[in-house]
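Please find the structures below.
The same chain A turns up in both complexes below, where it pairs with chain B and then with chain C.
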Partner chain A sequence: MKLLIAAAAILGGLLAGPVLAQETRPFEAGNGTIGVPVKPLRIVSLHDLSITLPLVEFGATDLVVGSHGRLEEDKVPYIRGAKELYETSFENTDIVFLGVFNQIDLELIAGLEPDLIIGRFGNDNDVLPNLEKIAPTVLLDQDKLGFFGSMQAVADLGGVLPEYDRQFARYQAQIAEFKRLVPNPADISIAILQPWPEDGYIAANKEYYALSQVLDDVGFSKPDLIAEISDSSLDMSPEFLPEVDADFIFSTYEGLYPDQRSPDEIRAAFEKVVPGYCTVLQACRNNQMVFIPRTPIYSSSFRSLTTAYQQVLTHVAGRAFVPLAK
Partner chain B sequence: MSTTVASRWYVVRLFSERIALRLPVAALLWLAATLALLVGIIAFSLTVGSQPTSLDEVWRTLSGETVSRTIDNVVWEFRFPRALAAALVGAMFALSGAALQNVTRNGLADPSLVGVSQGAGLAVVALTVLWPDAVGGLRPWVAFAGSLAVAVLIQSLTWTARGASSVRFILMGVGVAAMISACTSVLMTYGQIERVLSVLTWLSGSINAANWADVQMLAVWSAVLLPALLLLSRSTAAMRMGDATATALGAPVRWVRYGLITTAVGFAAIGTAVVGPLGFVGLIAPHAARRLAPSGVGLHLLLTATLGAVLVSLADLVGRTLMAPIQIPAGLVTDLIGVPIFLILLRRAARRTAL
Partner chain C sequence: MNMIAPPAVTVRTGRWLGLPLAMGIVAATLCLHIALGAKFVPLDVVFEALTHRDPANFNHTIVWDLRLPRALVAIIVGASLSVAGALMQGVTRNPLAEPGILGLMAGASFAVVFGIGMLGLAGNTAIPMMAAGGSLGAACLVYLISRWVPGGATPLTLTLAGAVVTAFLGALTSVAFLLRENAFDSYRVWLSGSLAGRDLSMLMTAGPVLIVALVVAFALARQITALAMGEEVALALGVRTGWLKAQLLVCVVALTAGSVALAGPLGFVGLVIPHAVRLFTGSDYRWIVPYSAVVGAGYLLAVDVAARMMFRPAEISTGIVTALIGAPIFVYLIRKRSR
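Take a look at the complex of A and B:
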């Protein structure tokens, strides 16, 4: 009997060990109040752009043991955003590739023995009961948190909040500088448009991650049709193209995707959706249509914000332009 | 209980011969073989995966010993419930197909072909996109309601003054399925992207998120629906000879038809609610069972269930390990296997009926 009690005590001690080893604190997440480690050492991220990238950006790369990723055309996995902005990849770090969107390998996560798992509320709810068996799991409600709130929550969870605060202050200084250079931003309208010729529509984007964040923070206006969208974007029939004309139009290209690899390919895509589109849009007729690379301005990242800021500053504040006739 | 073994039949006599069953030995042997195969696949599933585990470690874990917390989690919390969930949903979709084929007397009936799975899919997608906070425990009931609504719609559209036609049932089903798929697409197109993405994997039939609660639900519903289906098998056998003959033999045709449709919908809806629509299992398994060993309705249902379980277990095992860590949904694998078989069956049917 004594032997059994001793064995049970040892077993209990072994099981409780990892839990007792770390000090925890409550964290308000989309899935409730979760007890998370004060100083996590092994974090699993279930989304590259919005969770892994901020952790990399705030200097917590070494804490990330596994991450969701994507596959390049040759099936090599990569961490979107972290690869383009920080040259951080599965090859040059100890971060383990866990699978692609919504097809994450749960037992691989278990094998990594994380002390914290960070995912997205809504997207990862189905696997939450499984994840909770492995480690404390925080699902961030990114819709409610917003762009900065989401990054701040990730930094807070990763124990790198001071670095977030430093970068946020720097970003606010950039915005203030922009407002000094462009004192009347509300008088300038900017649209973010993306042609999708295969589906026959043009996406009019109200939200476009870092790029739209910079535009909103500076205080630029949008064409009415875009400003009134309740969602983040509108898949617009090409006939509405004149309705979204603006002083400046931004559109992006992405080297990873076929038919979107360069500004010329995006121009060709516009042409395919609306033949003669450039004559329809005043922004295009006056060479005020700007084509920029997508991922660097698309991520949840201060480097993305800075890149977007510089692009917008160069094109909008840096040159004279023909305003759209009201 | 007394038994007599003849050369091709195994006779079971129960309760002073008040119940006597004559079972074909070949079908019994196939049933035993497929059950053994299923156990083998589940056992193999427990030992393979991204996290290396030896047979000894798995055995010790299953014996109640804690080898490590990781292996405990991997074996007990992920692989085991996943393997059982795959087997159970496979059996459920297969039985749904068999029940639909029996009630329509059409070998091409399948829950994913006649809109029953799509009905469940639309209901769940609508719930997820329009009322995301209400998903949780409502999902099986909403799926059941969606499937049932589609089944009732197809039955009412099929039924005419001259009775029901199985060909009409299939054609109506295909049409309604297309309409429902279009509605689902509309919701997916105009729903909020994050909500839409969260149901995308479910729609392709993924068992990745299965846990013990799912296994419990599937097991409970199987325990309710399978006996009900087996109870209907005697009358179903009579209905194979046509409604008039079945009525003459004393079978309550109308009630049996309702019973078969309800159980078929129940199986498909519960399976769909847990893992999403799994295409063609309900088509392949009953046909394979028929080809392997012709038998009475009851034994055919049992063989169909085990074949469905084998098929989905195998599909999930392939999907889980082939491109790991990427998890290929089992539904995609069953579609890859099912579509060629469906075309072969269609071709044979066309030859027979000169369609």
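Take a look at the complex of A and C:
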């Protein structure tokens, strides 16, 4: 009997070997230097849009065992960004839904026996002590890393850095092509505005993930008020609407938001916040206000960057426009 | 002459003169509210906007479409919440009573959130109705809890029951948020109490109800004075206390629900204003109620000016400012009461 138990223990040890005895390396994270597995096999992601999605994009879907997600109206969980861009969901993968924003189920994470947990510095600090008891936990300081730095870090952690490098090089070529087609982008101003009618303000966005990254990389200018924002966006008083007028204004609609499902609903929202907004904005008067779907140009992914690139190229480089009087 | 005048006459004269004076101050604050805001609009342009509106001039749009509706909402909500607080303090003989502390606002907010997020109800009729239902439900719950505990519905048990119901409904509101994260993104600021984004359409629905409730409150004020002296005294003076309480409950629910529908849960207005007013009027509700209405309107106008100007070009929720002012006063009142 003792022999049988010993044999079972040895067999169990051999099977668990890859997880228990992984080779590790140091990784500089927002929460310090963390020893992470060189080749992780069971990753838990604490944010769908900025962590799970890049892993899916770089071909590491099979490594993700659990992810934060959101709930559709019928309460079905989904992975924002991954669903829209890659049709990757909790249903068609082995990824387990861990909970919605700031409501992650720690017991569920522990049960998944991850060898690496990736979260966001600032957002997940409160649960860090418990997460560290489960597996090495890396909290990425996304503000510090920036758009590409964050994606690169996720790719690095997932062991799929070469795929990131390949896609990054392709993106750089796209930007170079854009600059060839639009020789003086700094002369063109673009604002990203979003109305919030029930709360009575307009979000003036300095950063808007993939869309603003493309605009910045090409070298377009922003209205001064937006350029001077210290944060990623400003919940601006509607009284300042003329100050954020630009050659082009981009606003987004989002099918998942009940009151923002279409360009018409966004136009109505603008009208509610500022009656007669279209006469105030020269971009609107001249039909240079562009309404595009949000998640495809908003996510942390190269596919979003490409979509944003194509949208901006079509709307800005592809036609004559009436410039804003300086 | 003044020296020989009886004090009662002096006080009465002061009260009569004080009311138009307070209304004058409110009118001045209204002008200030329209003239000042996140963006600087020169006074002559404000005047021009009011007298000769040019639809193509954005400054005129600011005055007419952004500031004026907001000012009107501030006036009616400030008056309504203050009067609601005064009525509740009179009926319950609880100086800490107000719609926020006794759970009515949490009830109204929860009902609105639940109705919009879970039932898909929205619109200018549905929202005030939902708010009224939630407010009434919360009021009944608070009353039942305070009656159920040993000692009955004392000021202390009412306050504690209000805190319990507020916390409970707050938790339910959070659950609703979690389940429908996307549906409520548009209501983040509204839930902290805000006058931003208000147009006249909701005011057209909720406004008449609030005005009727205010008139009823004025009419019942004399009887509240008797009730505030104690149930026995009121009965001895011929007041039908049960009927009066029922009328006042409807009145308070209507005032709270209409206010929440218009501006979300604005805390502490109903607490601060009646106490400030009592310093001048004494304990006579014939004066407390109208003064609360006038001073409350002016107070919310002034607070909203501050909310729009403090962090320009952004604006902060008016509810944040009312809480910043109201919370210390609440603590002061508790301290004063415990002595």
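By definition in this document, the second predicted complex is superposed on the first by the 306 of 326 C-alpha atoms of A that agree within 3 Å, B and C clash if a C-alpha of one lies under 4 Å from a C-alpha of the other, contacts with A are read in each partner's own complex, and residues count from 1 in each chain.
Just so we're on the same page, contacts are C-beta pairs under 8 Å (C-beta built on N, C-alpha and C of every residue); 3 or more make two chains touch, one makes a residue touch a chain.
Being a predicted model, the structure only gives us computed values, none of them experimental.
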item: Chain A as common anchor, with chain B and chain C clashing or fitting; value: clash
item: Chain B versus chain C as contact partner of A:143, first or second or both or neither; value: first
item: Partner chain in contact with A:97 - chain B first, chain C second, else both or neither; value: first
item: Which superposed partner A:105 touches (first chain B, second chain C, both, neither); value: first
item: Touched partner set for A:130, first chain B, second chain C, both or neither; value: first
item: Which superposed partner A:120 touches (first chain B, second chain C, both, neither); value: first
item: First, second, both or neither for A:162, with chain B first and chain C second; value: neither
item: Which of chain B and chain C A:235 touches, first, second, both or neither; value: both
item: Touching both chain C and chain B, counted on chain A across the two superposed complexes; value: 71, 100-101, 103, 235
item: Residues of chain B that touch chain A when the two form their complex; value: 49-51, 66, 69-70, 73-74, 77-79, 132, 135, 189, 192-195, 197-198, 200-202, 206, 208-209, 211, 213, 324-329
item: Complex interface listing, chain A residues touching chain B; value: 11, 14-15, 18, 71, 97-108, 110-111, 113, 120, 122-123, 125-127, 129-130, 133-134, 142-143, 231-232, 235
item: Complex interface listing, chain A residues touching chain C; value: 70-71, 73, 75, 100-101, 103, 196-201, 225, 234-243, 254, 256-260, 272-276, 279-280
item: In the complex with chain A, residue positions of chain C that touch it; value: 37-39, 55-56, 58, 61-62, 65-66, 120, 178-183, 185-190, 194-199, 308, 312-315
